[in-house]
Amino acid sequence: MDYQAVLDDIAATIQSDLGTAGSVADYIPALSRVDPFQFGMALRTRDGLEAWAGDALTPFSIQSISKVFSLTIAMRLAGERLWERIGREPSGNPFNSLMQLEREQGIPRNPFINAGAIVVADYLVTLDDDPESAILNYISGLCDEPLEIDEEVAASEAATGFRNIALANFIKSYGKLDNDVSTVLDVYFRQCAVSMNCVQLARAVNYLCRDGIHPLRDDRIISSRQARRINALMLTCGTYDTAGEFAFRIGVPCKSGVGGGIVAVIPDSLSMCVWSPALDAGHNSLPGQKALEMFTSRTGLSVF
Amino acid sequence: MDYQAVLDDIAATIQSDLGTAGSVADYIPALSRVDPFQFGMALRTRDGLEAWAGDALTPFSIQSISKVFSLTIAMRLAGERLWERIGREPSGNPFNSLMQLEREQGIPRNPFINAGAIVVADYLVTLDDDPESAILNYISGLCDEPLEIDEEVAASEAATGFRNIALANFIKSYGKLDNDVSTVLDVYFRQCAVSMNCVQLARAVNYLCRDGIHPLRDDRIISSRQARRINALMLTCGTYDTAGEFAFRIGVPCKSGVGGGIVAVIPDSLSMCVWSPALDAGHNSLPGQKALEMFTSRTGLSVF
Amino acid sequence: MDYQAVLDDIAATIQSDLGTAGSVADYIPALSRVDPFQFGMALRTRDGLEAWAGDALTPFSIQSISKVFSLTIAMRLAGERLWERIGREPSGNPFNSLMQLEREQGIPRNPFINAGAIVVADYLVTLDDDPESAILNYISGLCDEPLEIDEEVAASEAATGFRNIALANFIKSYGKLDNDVSTVLDVYFRQCAVSMNCVQLARAVNYLCRDGIHPLRDDRIISSRQARRINALMLTCGTYDTAGEFAFRIGVPCKSGVGGGIVAVIPDSLSMCVWSPALDAGHNSLPGQKALEMFTSRTGLSVF
Amino acid sequence: MDYQAVLDDIAATIQSDLGTAGSVADYIPALSRVDPFQFGMALRTRDGLEAWAGDALTPFSIQSISKVFSLTIAMRLAGERLWERIGREPSGNPFNSLMQLEREQGIPRNPFINAGAIVVADYLVTLDDDPESAILNYISGLCDEPLEIDEEVAASEAATGFRNIALANFIKSYGKLDNDVSTVLDVYFRQCAVSMNCVQLARAVNYLCRDGIHPLRDDRIISSRQARRINALMLTCGTYDTAGEFAFRIGVPCKSGVGGGIVAVIPDSLSMCVWSPALDAGHNSLPGQKALEMFTSRTGLSVF
């Protein structure tokens, strides 16, 4: 299939309609200043073919997409122990809800809601001497390019992240966080502030469509079963409280971030990333969803 | 692949371990009397090959598996209008919870929780003169065999279904049910009381792995897109509050019932049904889950 | 104190401002047709002095005020056993919430929310051959006047009371209702449809300011301790989810109904009733609250 | 009435039964070490008569009883503005629940749950240069004795108060806290760590039975209306999720603390304090409740 032509075509359609709906995340200044008239899209097949269109080389804040990488590292380091403190069910509630955490005694429903990603960060702090570098080096190795943390974003997250501070302290109150709240949150806030572009992200998650094998080399990142399980988690829990809608309309595992990025994995086939800053009420990029829906519709690629 | 050998092997393993864990549904006498030392398994490929093992010809109460069929009929009759009164998100709560229904103003989260299936039944009552026969004839046509409703089960459901009566009246209080509560519930209770065996069920859901084409003939039941969407709903919402766990461990769309049956669909490949009456705390057949996990593990079949 | 002058004065003030805020209950036609430009107020002292002003002789639907009477009868018949199935805590939620009932396994928080009053009705059905007549005769005896049930209101409540039907079935699903749902609800719907005027109601609750002694005779209705406990329940739970606000601003035990009536008890001093049909968002008569606030403020009567 | 005889009698009864039920608060070491075989009781009438029995001169940690004093100061300083960020309804949930705070957008239900007291502390930080001294001096002035903060308790609260840190950050995330979380919590943790004995506390809350007049002098602390309103809040919200039960059984405004103290006010009559460290599941002193119930039962004092 001529993926480049498909991407060019989708990009042209999406770009002609940018700015008409949705709104850029505004909870920190660095994100609110992002120009909504941007759209990028990139993919990498299982065999290493790459294609991209639009603003696919413009870096953006990966935000919650980072949870895929931190989860992968934690699964490598902690194995099955990880699941003693994190569930694997969709949350059925807005992404930062404390209610369910209370009902379930400090066990977050899954690793992709904020509470769950904070517990993942706690494992990383316990199991790695320098978890922040571990995450950055890991992602950098996957896409074979140097990466940076946007210090302004990281500082703003830390200064305004009262909800996340509340979540972490709440989990701590149940004795389900081993390290200092501030140490754990520092790792979490900084992983969310990594800057990447669509091409880098499509490459970085490519191991998820290759049964866990590194995109560029032949060494194994995680087992085939682990890769399939991360895909399953992305499909059922990857897009906040709209995972059912994504599965219904788009039909492939996705993980989104409030920076406007969405990564998608079509197992055994390809990985991709779309980016456009305007979000819908569910905190997912509105043009990004449309682009993904067009892509799976035109290519017939779907897990169902 | 020699599916018959795989099924025989799995059946032998599961049967040697029956009765050690889980418990038969006991909310009505007709279900509680079922012998837990039974296990059946059947599949039908996209191309019509069938295989089965164990008690695959013993009829059991399909219960919530019927929701797949009523949803399919409603999607044919109502089209997109259906989704005005039913969501498409995992519930994140026990399967008969009223809380979420209250929070969301009488709109059930998805068509596979009881509340959602009751709304589906309301559509059927509105759009078909004889919805009960419509459902029965529809399923019967799919597996090309005569089917019956277990009248004792149907009567018991009606006599003890206070929670479902509560749900239906609660939805009605929001003006989201067009017909009489008792008429709607009658359809719902009776569809749950249909008796089928594994071979029949594997055949009856086969259209979901054939892009919506009838298992035995070449006429289309629903569009390819609709079939994929039902599969997506089964994966994210098909097994009560354990959909994430099913996706994580089994990795294919499933729909379970408290009678101990579970149907599974591997798109473009095959459909299957396992049955064994002992349930876990999540109301899903415990031996059935184990059998499905063994099957997807050995065959490497998974949507991820 | 010249109570008649106080009432005349308050009535004049309230009447000059009627119709400017709040809205009449509109869930059934018979209530929605009530003219909002009506206001009545009546009191009866511990010693039998009566005073009234405005439309105090106009009958209205007592609705939830009936819960005071059914509770009193149930306390007489069932004694402490009553509290095995009903709590004594404020609900902290809208008055017909199912959420808390689910969380607390079918035990309503108190006898003044709908769920609790339905359980009270279940006790009456169990303990009295003709509970409907028992309630009517009981209230009639307290105010020494014949009373009637408004059949149109009763029929409408039954025909549209889906939320209450849901509540009753939900409680029944926990095994916490001994009789048929329809029998219990019939008693409940009919007790709510009793018509009374302010003078009758002020008299009928007078035993609550007389340590449990009948208003007109010297026989004891309930023990002094029971009377004080009903007053305590009225103060903490008598006005749906605004009991704290009533205690804070008005400072005496009250029980309101969606017909616009509010009864109030000042222990050892007097009982009273105000009525005006326009309700606030909390389902309590808006002019009624204002009148009560003026009354306690002017007379200095308060339990605090 | 010979209050001294009543207290002596109650103390003898309670002391003979100490240590048989309930358990000392154990969330911080300083509290868990307290000997449960202690009981004290003291009262002061409106006219200044004092009586006490048992360990009424032994200091204990006042904990949540401090919320009465901080609320009084805040009502003086902030007036009606205080209620823009705090409700006046019973919580209907365990005392540190985050759920209701989420549902109500960061507005705590009342000033006596932890969330509400944290908002009160925020007002004090805004309106007073040295809020910690203000609280200590204020209470000290009321009982005319020097008071101290137990530094070990204060340090432990701060080091283990993850739930309260979560609450404060959660409120902050809604923009409903004006000052730094740590500054506000410091005031809150330290006010809870004040040590007092029963005689001091009975005296310190005496203004609430004197229409707001200082217990020892004739100057006014707060208006008569404000005093009555604090009493109303104590009755509906003063004992966590058991306010209804307290009103039902004891029938007077109370405020309890996890140190085992309970203050009670009988308007226009007297104020009192009981103390015994063993708590029930509702976090209220078990012997303390029994003593209060005996007192109101024997003296006939009740607001109902």
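Labels A, B, C and D are assigned to the chains in the order they are written; within every chain, residues are numbered from 1.
Note that a residue touches a chain if its C-beta (ideal position, glycine included) is under 8 Å from a C-beta of that chain, and two chains touch if they have at least 3 such contacts.
Everything numeric in this text was worked out from a predicted model, so none of it was measured.
S.K.: Any idea if chain C and chain D meet via the same residues, over half in common, or different ones?
M.R.: Same, since most residue numbers here occur in both copies.
S.K.: Quick one: point me to the chain whose Cα centre is farthest from that of chain B.
M.R.: Chain D.
S.K.: Let me have the rounded angstrom distance from the C-alpha centre of chain A over to the C-alpha centre of chain C, please.
M.R.: Chain centroid spacing, chain A to chain C, equals 55 Å.
S.K.: Distance from the CA centroid of chain C to that of chain D, rounded to the nearest Å?
M.R.: 32
S.K.: Using the average of all C-alpha atoms in each chain as its centre, how far is it in Å between chain B and chain C?
M.R.: 47
S.K.: Among the residues of chain D, pick out those that touch two or more other chains and give their numbers.
M.R.: none
S.K.: Which pairs of chains touch each other in this structure?
M.R.: Going through each pair of chains, those in contact are A-B, A-D, B-C, C-D.
S.K.: Any idea which chain A residues touch chain D in the complex?
M.R.: My answer: residues 97-99, 102, 162-163, 165-170, 172-173, 181.
S.K.: Could you list, by residue number, the parts of chain C that touch chain D in their complex?
M.R.: 87-93, 100, 109-110, 227-229, 231-233, 235-237, 241-245, 247-248, 251, 253, 267, 302-304
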